[in-house]
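The same chain A turns up in both complexes below, where it pairs with chain B and then with chain C.
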Partner chain A sequence: MLFDIYIPRDLVDASEFLYRNAPDAVPIAGGTDLIPMIRDGKLRPKYLVDLSGLKGRLSYVSIDSGVVRVGALTTINALGASALTGMEAFLGFRDLYKTFGNAAVRSLATVGGNVGTAVSAADLIVMFNALDAKVGLSGVNGSRYVGIRELVAGKRLLAKEPGELITEVVFNVPPKNSSTAFIKLGYREGTIIGLTSVAALVTVRDGVIEDVKLAFDRVDRRVPGRAYLTEKGLKGVPLRDEAVGEVINEHLPREMRRKSDYRASGAYRLHVSKVLARRAVLTAGRRAVGGGLGA
Partner chain B sequence: MGALLDASSLEDLVREVLNAEPSSYLVIGRRVRRYNALDMVLGRPIYLADKLGSVGGVVWLKTVRSSYAHALIRGVNYSDALKLSGVVGVVTHRDIPGFKYVGYVTPDQPLLAVDRVRFYGEPIALVGAEEPEIAEEAAERVKVEYDPLPVVLDPIDAMKPDAPKIHDRGNVFAHFKIRRGDVEEGFSRADVVVENTYRTAQQEHAFIETEGAIAIPGPMGEVTIIANAQEPYEAQRLVSSVLNIPRSKVRIVVPMVGGGFGGKVDVVMELCARAALAAAKFGRPAALIHSREESIIGHTKRQSTVLKYRHGATKDGLLTAVEGELIYDGGAYASSTMFVLWRATVHSVGPYRVPNAKIDSYAVYTNKVYAGAFRGFGNPEVAFAVERQMDVLAGRLGMDPVEFRVRNMLREGDETVHGQVLDHPVGLPEIVSYLRRASGWSRKRAEYGGGGSSGVRKGIGFSIWWHGNSLGVEAADYVAAYVMINKDGSVTYRPGLIDMGTGNLQGHVMMISEILGVPTDYIHVEEVDTSTIPNSGPTVASRSTVVGGNAVIKASIELRRRVEGVAAEILGCKPSDVVIKAPDVYCRSNPGRRVSWGKLVEIAYWRGVPMFSIGYHYVPRAEWDVERGRGVPYITYTYVGAVADIEVDVETGKVRVRNLYGAFDAGRIVNRAGAELQVEGGAVMAVGYALMERVIYGDDGGVMNTDLSTYLVPTIKDASFNIKYEFVEKEFKGGAFGSKALAEPAFLAWHTAIANAVAHAVGANVDELPITPEKVLKWLGVLG
Partner chain C sequence: MPKGLGIREVPVELRVNGVKHVLRVKPYERLLDTLRRRLGITSVKDGCGRGECGACLVIVDGELAPSCLMLTVQARGRDVVTVEGISSRGLHPIQEALIKVNAPQCGFCIPGVVVAAYWLLEVKGNLNPSDDDVREALSTNLCRCGSYHRFVEAVKIAAEELRARKALGVRD
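And now, the complex of A and B:
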């Protein structure tokens, strides 16, 4: 439990320190996932690289020419207070804030940190999957962008080089008549670690689902993923309860494999995934045609 | 004042002294801000861990714990641990000079494991170091060699004749009975017989502050231990027996405690002994404070149970017979489970007239974390099972569940199943009447239930129950209270019972205030200190107000009399004519004759009047015939009732509590704000117990959910239900100011009403707690 703290001068310095001291150095932003891991003895770093000084550079939400860029050190609270919340296309983020940790956690946890946990319980990874987001990385060999699904390669496994830091998350503003929804189910209503979560991005035309992206905490791997078969089946389906439900009931079990653990059985998780998917698609679809947040 | 002064004549004395009717009491029955509310809210350093700042040279202790649920210990090797820089030493059972075994009732539990461990996480040794992180790392270096033994986690398995023996004397360690009439005759007369088995899970107290002890050795072989102990006097006894020193050399001090609920009774006694052992060995203060994970696996849990009931009733809705086989899983060690079992047995048929009863209750060892005291103490489990049975019976009879209760419930003058005549007011009729009205019962019962659109089904459930006050036959039931008027007129109160956040001592402050005639903010409450206050037993069983209050009253009346006497002389009127409304003191008949409180006190001191008093109250021992389960188990009973109005999402199985209605006959309410918060807090805790709380075990006997992200208690978002309740204030003459117990009863009827409401919504028998979403889908037939 004993570690030293390194305060980097800038992003380059941070990358270099992390690279030189890998794997004994880890970056810390809000620490809401890292500190419990250290306390539980699951991680024993020698150095924590404190990124708080880089907030000026890496905390932002910009929407320009149809592209959204979110700085890695943007806290969940800051994300919630940004221009994203006013956009009809991104109403799903409002669902997400409501169930993300609790007030204390939201003020500390960051977008980059949440992506960096690489676990199925990371709500933003689920949402970014639905938005086909790309993640910006910066390391000793320069910067690059990698798709969210490629980066989050496995449970607590990020496909990146030592010294590479997450700098931003980028995704497109969806086409007109699109909106999003996010639903997380837990055993209680506050500070929920989800049993199942789903994010949906739906584009509607003439009362029919023109396009849909459906992401879950887990599909068939131990990290968030997309239900491609179900998405394909939903294209062209009318935005109606029974119609959407029927497609999901038929397709989802073909591509989703849920495990049982002490918290819930696989059968329950699969069942509830179908229910939540239907509800998320319908909500996103109704929002897409001007139904507002409460659609 | 005589310890054996009858409680009800004490009540008359209070009236005489105050010369006032209850409706004109200044503070009793009102909402008064707690004496330390500001300290708590401002985060002042009043708790155990805050005391560390003033103790120098502390050795931090970390417990080495078993990684097997059942095993023989072949050897403990701590040479690697000693090599780590900063380690002060290691303590094992070999360092114990006195008695090695502990246990609240039966000493079946080693303070530190000797040759065998019986639950995953059982303490084996203590490592002491200069820093807590060093102690933790050193503890990981202690190597223990085990010979694993078969693990038994199910109490039904543990009762089988070929089950592995967890203790040499066998796995059933207590058995209580009730025998009344002839149950077979009763069942033969019944038109409807209902038989079911109910299961409840282990519950964790999850108090905000974890348990701990700081032992400070003194120069003369004595030891002072600061600990958050609900039973400081038993802690004193245990330290004395373990260290082999007289109790006069053991001083336990209890600061403000951050929640107890029964979970800080025996474990803290053990921590006191372990810390004192280490302090004696190292010759330095030693601190042993549990982390949250250690707290969850390392202190007593609420027992899990398997309760089999058979009920018979006539078509007129009258109970004819009740048969029960009640199994309480005590985990690895006995702790207070025997007492829990006894209370459960006493309450096992509910507040109903039952002509024929045959109850057999068993306490069973398993290799789970040991079980002990938790709010309700055995009662919540039988309440759940019986109130479900009553609903199922009502359903079979085609009768409204409330009407069915009314036909069978006990009234004043009735005889309980144990033959006790209820010679005190029984508030059940008023409770039922309020609940019917407030909840809109009849309308909702007809409207809700089965069927329903948009994937949501509503349900409404009803329950009543009872709770015997104070300790019954568990132990001698006495409390002391020391009140002193300082020379400047301020008042010092030294309680015998601790403050663990329930508001109990605030009730005492209000009693002192009312009787002496001083504002509550004149009164300073000291920490409990076994060197300065006589043995007052445990702060449990909701006894602080009803029993503890009587000790406070006696001390206060004595002081009042003395001060009145002096005032009468100075002012020239009769003592009964003296009005004390500090800072003013005057004659009722001639208000012009007055003296200030401060001056009066000063004069009293000058005259050599003793300005201190110890009140001591003793409750006569209860009677209980072990063979037949007959007697007078409790001095009185608190009666409670609740209605829960819920809705079930039939697709996810999630239950949402919308409205709760409650009614409580806890005698006169003394600390009204405290009482209200007990009820509301009890409701939140019951939502947890009913819907989400359970300790989950892996096959190896280890607990899976060892922190608060995986052991789920309700958050504020889970407490969004509306709640309405009423106190039916039927004065009990034996209780201080006419009060009865409330702290545990405030928790007792909510979970049963919720379970009954869910059963109404899903149209199936809810036979298990907690009611998880997956179980709801099973009951709905949606999932297998």
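And now, the complex of A and C:
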């Protein structure tokens, strides 16, 4: 583990250094993913650009006029303690918080860092997918916003320009009678790469699913994605166990391609995806109509 | 990149257990190594090196942190607490309770457990933790001797002791 470190004065300075030294310079926030990567020899950067000094500016959770903005350097702990997790519509973030790493990792790991990993095991990418989040980027040519699915272009691959840094994640507060749920299955409750994870955003009207967004750690690519076919099939379906399960069992296998690896077989992952999707949709739906966290 | 990569040292100022240190460290030096090798603070253990086992836990500015994942440079200007600080005036009630329930067997994970428990009781100020609160706070700590139930028992005993002291107005 050999590298030099650059401590930027501000965001612009950080971007300029990263731009000048691309691809040899890599930004470090919490380091909970990056340091093990470097230790394992999977990444050999010449320079790390330490973003920890920019935390004052980039650590926030604001909810204003129906829009949520989460600063990139907000730690998972800070996100878990924010007003966001107290909102009925965002109870899914509470689910996510509970199984994200462990108590110590959550105090270092950041929202922008999790998005920046661009891996299927990044729980926040799955959740942000369900929320159709946009990611703010800032670079030497100014700043812009890009959809989360566009940004996470492939495994460990972000569709961004050299020097661009993730500054925030932005998404809308969903309409009334909506809520979220997140479920991750692994061999234990924390500090795991999940075998399967799912996030659902459900809007309910008169006991029927009016709208649904269903995101998985993987659908047909090696990064988190959405199950659009299944979403379409679920619209108008009554919020009942059998009805929801039936639609998922019918549609999900048509769009999901699961790979086998040493953790689990593709067939098992598909099976689990169906079960977890049903639970997530029902949980989010029940929360949407005032069922609370345990719904 | 100039030759002699890594030879450059970075000036860093940090507080450890209330004592200010002015150091020059390698850019890639982990807080864990600075504590152990430069400052002789050996309660922090080098376990997994990837934030999964909790043997290297410290408290940085009131937050639980694995010192194996934090670069010393990132701890600049910050306040670090280890078991040496927690027990600077004799054994802390958490340590006494761990001894009382015979929690330590091989002992390697214990400093991390003390730090996590201290964080829950004294930093977060939860002096009446439920079993789940304790398990959550200690979720980083792996113990290969399997003393988990004893940890929960010990932390609750320590919490009771701290509550009693608080009620009596005793300080430390």
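Here is the rule we go by: the second predicted complex is superposed on the first by the 295 of 295 C-alpha atoms of A that agree within 3 Å, B and C clash if a C-alpha of one lies under 4 Å from a C-alpha of the other, contacts with A are read in each partner's own complex, and residues count from 1 in each chain.
We take it that a contact is a pair of C-beta atoms (placed from the backbone, for glycine too) under 8 Å apart; a residue touches a chain by one contact, two chains touch by 3 or more.
Since the model is a prediction, treat every value here as computed from it, not as a measurement.
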{"item": "Touching partner for A:Thr32 - first (chain B), second (chain C), both, neither", "value": "second"}
{"item": "Which superposed partner A:Gly266 touches (first chain B, second chain C, both, neither)", "value": "neither"}
{"item": "Which superposed partner A:Ala103 touches (first chain B, second chain C, both, neither)", "value": "second"}
{"item": "Which superposed partner A:Tyr187 touches (first chain B, second chain C, both, neither)", "value": "first"}
{"item": "Contacts of A:Leu48 with chain B and chain C, given as first, second, both or neither", "value": "second"}
{"item": "Touched partner set for A:Leu2, first chain B, second chain C, both or neither", "value": "both"}
{"item": "Partner chain in contact with A:Val275 - chain B first, chain C second, else both or neither", "value": "first"}
{"item": "Dominant contact partner of chain A by residue count, chain C or chain B", "value": "C"}
{"item": "Residues of chain A at both interfaces, chain B in one complex, chain C in the other", "value": "1-2, 36, 102, 189-191"}
{"item": "Contacting residues of chain A [partner chain B, same complex]", "value": "1-2, 36, 102, 185, 187-191, 193, 262-265, 267-268, 271-272, 275-276"}
{"item": "Residue numbers on chain C that touch chain A, as the complex places them", "value": "1, 5-6, 8, 10, 27-28, 30, 49-52, 54, 57, 63-66, 68-71, 73-74, 116, 136-140"}
{"item": "Sites on chain A touched by chain C in the complex", "value": "1-5, 7, 24, 28, 30-32, 35-36, 39, 46-48, 50, 52, 75, 77, 101-105, 107-108, 189-191"}
{"item": "Chain A partner contacts - residues on chain B that touch it in the complex", "value": "133, 136-137, 651-654, 691-692, 696, 698, 704-705, 709-710, 712, 714-718, 720, 772-774, 777, 782-784"}
